[in-house]
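Here is the structure we will look at, set down as structure tokens.
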Amino acid sequence: MPGIEIKDPVHGNVELTDFEERLADTPDFQRLRKIRQLATANLVYPGANHSRFEHSLGTLHLASRIAEKLPLDKDEAEKLRLYALLHDIGHIAFSHEAERVTTKHLGTHEEIGTKKMLSGEMGEILLERLSRKEITRLGKSAHSEAITSDIGADRMDYLKRDAYYTGVAYGMVDEQRIISKMFLEKGALGVEYGALEASESLLVARFMMFSTVYLHHTVRIASAMLERALSVAIEDGLDPKLLLGKGDGEALALLAQYRRAREYSKSIEERKLYKQAYSLSPPQFKESEIPKLEAELSSLAGCDILIDSPASFVKLSGFLVRTHAGKRQEISKISELVRSLKSAEESRKKALVLAPAQFREKAEKECARFYS
Amino acid sequence: MPGIEIKDPVHGNVELTDFEERLADTPDFQRLRKIRQLATANLVYPGANHSRFEHSLGTLHLASRIAEKLPLDKDEAEKLRLYALLHDIGHIAFSHEAERVTTKHLGTHEEIGTKKMLSGEMGEILLERLSRKEITRLGKSAHSEAITSDIGADRMDYLKRDAYYTGVAYGMVDEQRIISKMFLEKGALGVEYGALEASESLLVARFMMFSTVYLHHTVRIASAMLERALSVAIEDGLDPKLLLGKGDGEALALLAQYRRAREYSKSIEERKLYKQAYSLSPPQFKESEIPKLEAELSSLAGCDILIDSPASFVKLSGFLVRTHAGKRQEISKISELVRSLKSAEESRKKALVLAPAQFREKAEKECARFYS
Amino acid sequence: MPGIEIKDPVHGNVELTDFEERLADTPDFQRLRKIRQLATANLVYPGANHSRFEHSLGTLHLASRIAEKLPLDKDEAEKLRLYALLHDIGHIAFSHEAERVTTKHLGTHEEIGTKKMLSGEMGEILLERLSRKEITRLGKSAHSEAITSDIGADRMDYLKRDAYYTGVAYGMVDEQRIISKMFLEKGALGVEYGALEASESLLVARFMMFSTVYLHHTVRIASAMLERALSVAIEDGLDPKLLLGKGDGEALALLAQYRRAREYSKSIEERKLYKQAYSLSPPQFKESEIPKLEAELSSLAGCDILIDSPASFVKLSGFLVRTHAGKRQEISKISELVRSLKSAEESRKKALVLAPAQFREKAEKECARFYS
Amino acid sequence: MPGIEIKDPVHGNVELTDFEERLADTPDFQRLRKIRQLATANLVYPGANHSRFEHSLGTLHLASRIAEKLPLDKDEAEKLRLYALLHDIGHIAFSHEAERVTTKHLGTHEEIGTKKMLSGEMGEILLERLSRKEITRLGKSAHSEAITSDIGADRMDYLKRDAYYTGVAYGMVDEQRIISKMFLEKGALGVEYGALEASESLLVARFMMFSTVYLHHTVRIASAMLERALSVAIEDGLDPKLLLGKGDGEALALLAQYRRAREYSKSIEERKLYKQAYSLSPPQFKESEIPKLEAELSSLAGCDILIDSPASFVKLSGFLVRTHAGKRQEISKISELVRSLKSAEESRKKALVLAPAQFREKAEKECARFYS
């Protein structure tokens, strides 16, 4: 420090050291301004234009509070802040939505991130203070759980931030309470019993954000169209590496250069989205048979058909809670509330059968017949 | 209407008709300014000085939104608003805390409320528009569920309001969503499936508010002392009727006139509270044996002992949810989350053994020996 | 430190050291819970029930931020925090409203405060760390301006807090900006030029709060009735010293024991307030002749008449702004905006002639005749 | 109605009729998602990614409240809502920043807007209900002042919205108060005296937003670079019409295709901005001589030089205030505060001399010499 202060509507002011500011000023980091945190959710929640740039600053802010609390020593704290700032540097346009398609070509966003941290302007700056090995291990240290855990800085920031920008009532997180009761012991992150309710509340908030925002059915439709566009563009010759330096808008423009992807890309841009024709509950389909099912239903309905089946988002394993008696237990062992989220997720899970708007009725009829 | 607008930090502006304003201007209603919504919670959350006056206005505000949605006809809507405005008029000082002691003398706050609505300035005004029978039935009509249900105007207002004034992160309620999906059919209130998450979220918020505010252990201590003060003052000759016109502060001053109640009253006023010496889980005590247990532990510890055992606050029966297929089911039938609240409440329930601060250690030892 | 954390809706969490907590636990400090920050404003803004207790905690919170910035050394910082915590300890019930009447009997609230700090439980605790001289000088040191200045912790807290609890849109203060640019040099407090807009904005916010809340005409009416009640009660034998240990409600009850004060006291309690019959602009009256004027108008109208003439609240002298060139100037020298507040106040100033509701029309006519 | 509800963090929910929804679903309107409300301000305030799409919905929301209050008849209200929804439809990428350069080629955004409303999908839909003449006159009716006035829906929305997304403390607008006191009489919009403070406060808020956000010096630098990029690209052959269908990101990419514009475009994208080398107060330059001055200073400093001179943003003419006596006066006649904004703006106005970062010092020296 001194460094700079950046105004953030969620946390007030975020302070960066001079060194962190230099990292933030690299083209790789500035590129995060062009990647929306919530990919296509702004098609439903028009305020959701916030970017991974702001989220990265906010994660650093919370990581800093956590480092003070645990406490970490100066060197550990600095590394934790750096990891917080850079934890999303490997995301390509449309983040997770695109990642599902590109991982086999480009690696995960963590792997891409590590490469970015070791090269270019960013690599040069980082190597002034850290060795290559330290950079590679930034996200793998015991402390990094303070960023990545269910009660880590990443989630606490994005839940609050996504709620703020979408305007929904669900993302309230009492991060002050959680951090004030946090401990890191033998490489495991946890909270004292006094933060049990605050932690449960965070997990419920996350569940609600998935139900109403991240997996809102229109968001799922736009995401499914996007993934399909990306798949067919790559099949038709798009080099996935071209995505590495692009923002969301540029990626859409790129997709539009490929014949089969063009229509999807334009539809997303103009919000002329497919409609839900039918919904399937788990026994009605198997994950592995979706491509086959899409083909069959497509042939019956006489139109393009996409089937969107959401990945699970509730994990039962988790962080620790230390009871008044000093015993450490996973939160799912202690909390009925937390366990109920898993069963709620499973019983409500539905795959959506999607068709172009003008074919929706026809597709619905064919699905009904197919499943009768 | 026209009427007046009153500024409210929770809802923006609350509009009262001229008729409602006249009711609000009666001494009985103005008295609600002197009764804190959260009784003793301000001893822990210093911002919690909001009164039943504001809460009553806020409940009217939400009732009005509900009446527009259902929709109710003009006469029904007017009655719903009146009931919302006056639903807490029968509360005496310290509300529920005092009511536990005074019900056998004064009746419930609903019964006191009905009497107040039929007498004095308020009675005169109400009788201009309603018959005695209509007044008596204000809180018993099918529509009154729109105020009193788990998703009624009363709860939606107090959860938001209590969160606002205490500053905790838990009371977020998406009342716009819930109301926009509300229906009243054959005397039963419910919401469409599209408000399932909003409703679950409200019930979780209520659970969290009980855990962290309403039943915060220091709040429970102050409440237990208050109840005891009231009990012994009545035993020593206090006429419970004297409480009917008083506010919280005046009631405390009144209690201080009775020898055995004086010390409790002064301790609450100066926040010199008893301390928790021990906690008991359900098999360790029976509700009916608490007075005997208090006497025994008191004699062992050589000091005054209070045992506070909280009433249950989660009900499984509840409002309806109408599925996409049109089927109506109680929310607890549909929601794992809602069911988990009941078991969470039960497993976490504890009775607190309380002693004066200077006797805490001694009392703890004696309890430990007694229960070993 | 360690100490405790207290939840505050305005600042999040306020931290007290163990020593400060002991001071806050004295009966004198707990009494502040019973004194509303805004005296009678809750009769217009029902949410305005916040007390000098919370405000004192909030002032300490901001003082702490200021002490870090300036920076002050450990001893100075501790004293600044103590002064912030205790700066309102000398306020009696209804604060400034009552003080106007009682100063000649009891001294100012600063003088009462110093006495309280030197006696009783609070005195004993303070004297463990400070000498009598240091206690006496707590509010007179160069640093104390960080509490009392126009941009001091006291004002920044109360503007934000009053806006929060009343719900009005005007009290926004960018305290982070102001504090981050604050300096204290040769005993004078100021801000760098970069906080000019933030400071102007604070002064405008304060102007707006006076116009719409503190001097709302209904608030002025209730205050005028209260002052009159206090004056006549003292004339009729009330010992002003009795007010020293009381809260607002207790003071009202005390006033009701004096024949001439009783009616006023009851009217305030039941919100049956006098009405404005007429308004006078500066040339129409002299401050010193108000008692005579009240008597004359009262005799003409045949009813009790009160005249309320507000004290000036805008001061042109003020804190310093340091320009980029390093020159220090009073803000009113630099800012047209700040200067305009003075003339706006003067041109809008009105004395109100008040009469009981049933006499309003008669009084209006007589005033009109008198001034024609 | 029925129509749809769209979640908006600023106003809660915004309701669109079916007809309005169809307009919002046209490609021309969807394009507004790609135009940031604050052009380059997100380079300083990272949260400022909100778009003209959301702002248009918010303006419609407030217009609706105004239409209810005035009141307007059904036909007028519908037109006012349509104008509110479409008032920014003619903005090209980077809105006002670009408009300064393109007006001579494309017309103002109002003129472009009218053309868009008369053609394409949007034209077809609008012509179902309105005649060509009515469409052309949407923004020119007496009522349209309810959108465009200083206290119109446009400004009230953008001040609140810009404050929300940047996180600054200045944009608070009491729109409920202003609207509740609004009148439209003989084609002139005004407020009753009771909204004087609310109106002054809005104008002060706007002044503060200009000082700290819209004309933040870094925002001015980015804007100046953008304007220059656009100018030289057009000189080098860019057809301004190509901008009509583009968003901000696409426009930057387009500029990068022109040699002289490329460097500017890339610098904005990567936030490698020019630095302020000097500042000029009004007598030091004439608006008309800026190009000449740029050339001279550029030749002296041996680098590219831009001079940014801000347009005036405070207008003294304005809306009316109706005094208690019924007299209507322009607010600047009544309010010292409002008048002071004009002089404050003038005295603080500075032109900035900008140079590439590595030439800043050299440029500063040359400017100092030139002006000595």
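Per-chain numbering from 1; labels A, B, C and D assigned in written order.
Here is the rule we use: contacts are C-beta pairs under 8 Å (C-beta built on N, C-alpha and C of every residue); 3 or more make two chains touch, one makes a residue touch a chain.
Note that this is a predicted model, so its numbers are computed, not measured.
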**Prompt:** Once you count every C-beta pair in contact for both, which comes out on top, C-D or A-D?
**Reply:** A-D
**Item:** From the options B-D, A-C or C-D, the pair that copies A-B, where over half of the contact pairs coincide
**Value:** C-D
**Complete:** Taking each chain's mean CA coordinate, chain C and chain D are separated, in whole Å, by 40
**Request:** With chain centres taken as the means of their Cα atoms, state the distance from chain A to chain D in Å.
**Result:** 33
**Complete:** Touching at least 2 other chains, the residues of chain B are 12, 168
**Prompt:** Hey, which residues of chain C end up touching chain D in the complex?
**Reply:** 168-170, 172-174, 177, 197-198, 200-201, 204, 207-208, 211-212, 335-337, 339-341, 343-344, 347
**Complete:** The chain D residues in contact with chain B across the complex are 5, 12-13, 176, 180
**Complete:** Listed in rising order, chain B residues that touch chain C in their complex are 6-10, 12, 25, 27, 30, 33-34, 42, 44-47, 49-51, 53-54, 57, 164-168, 247, 249-250, 253, 269-272
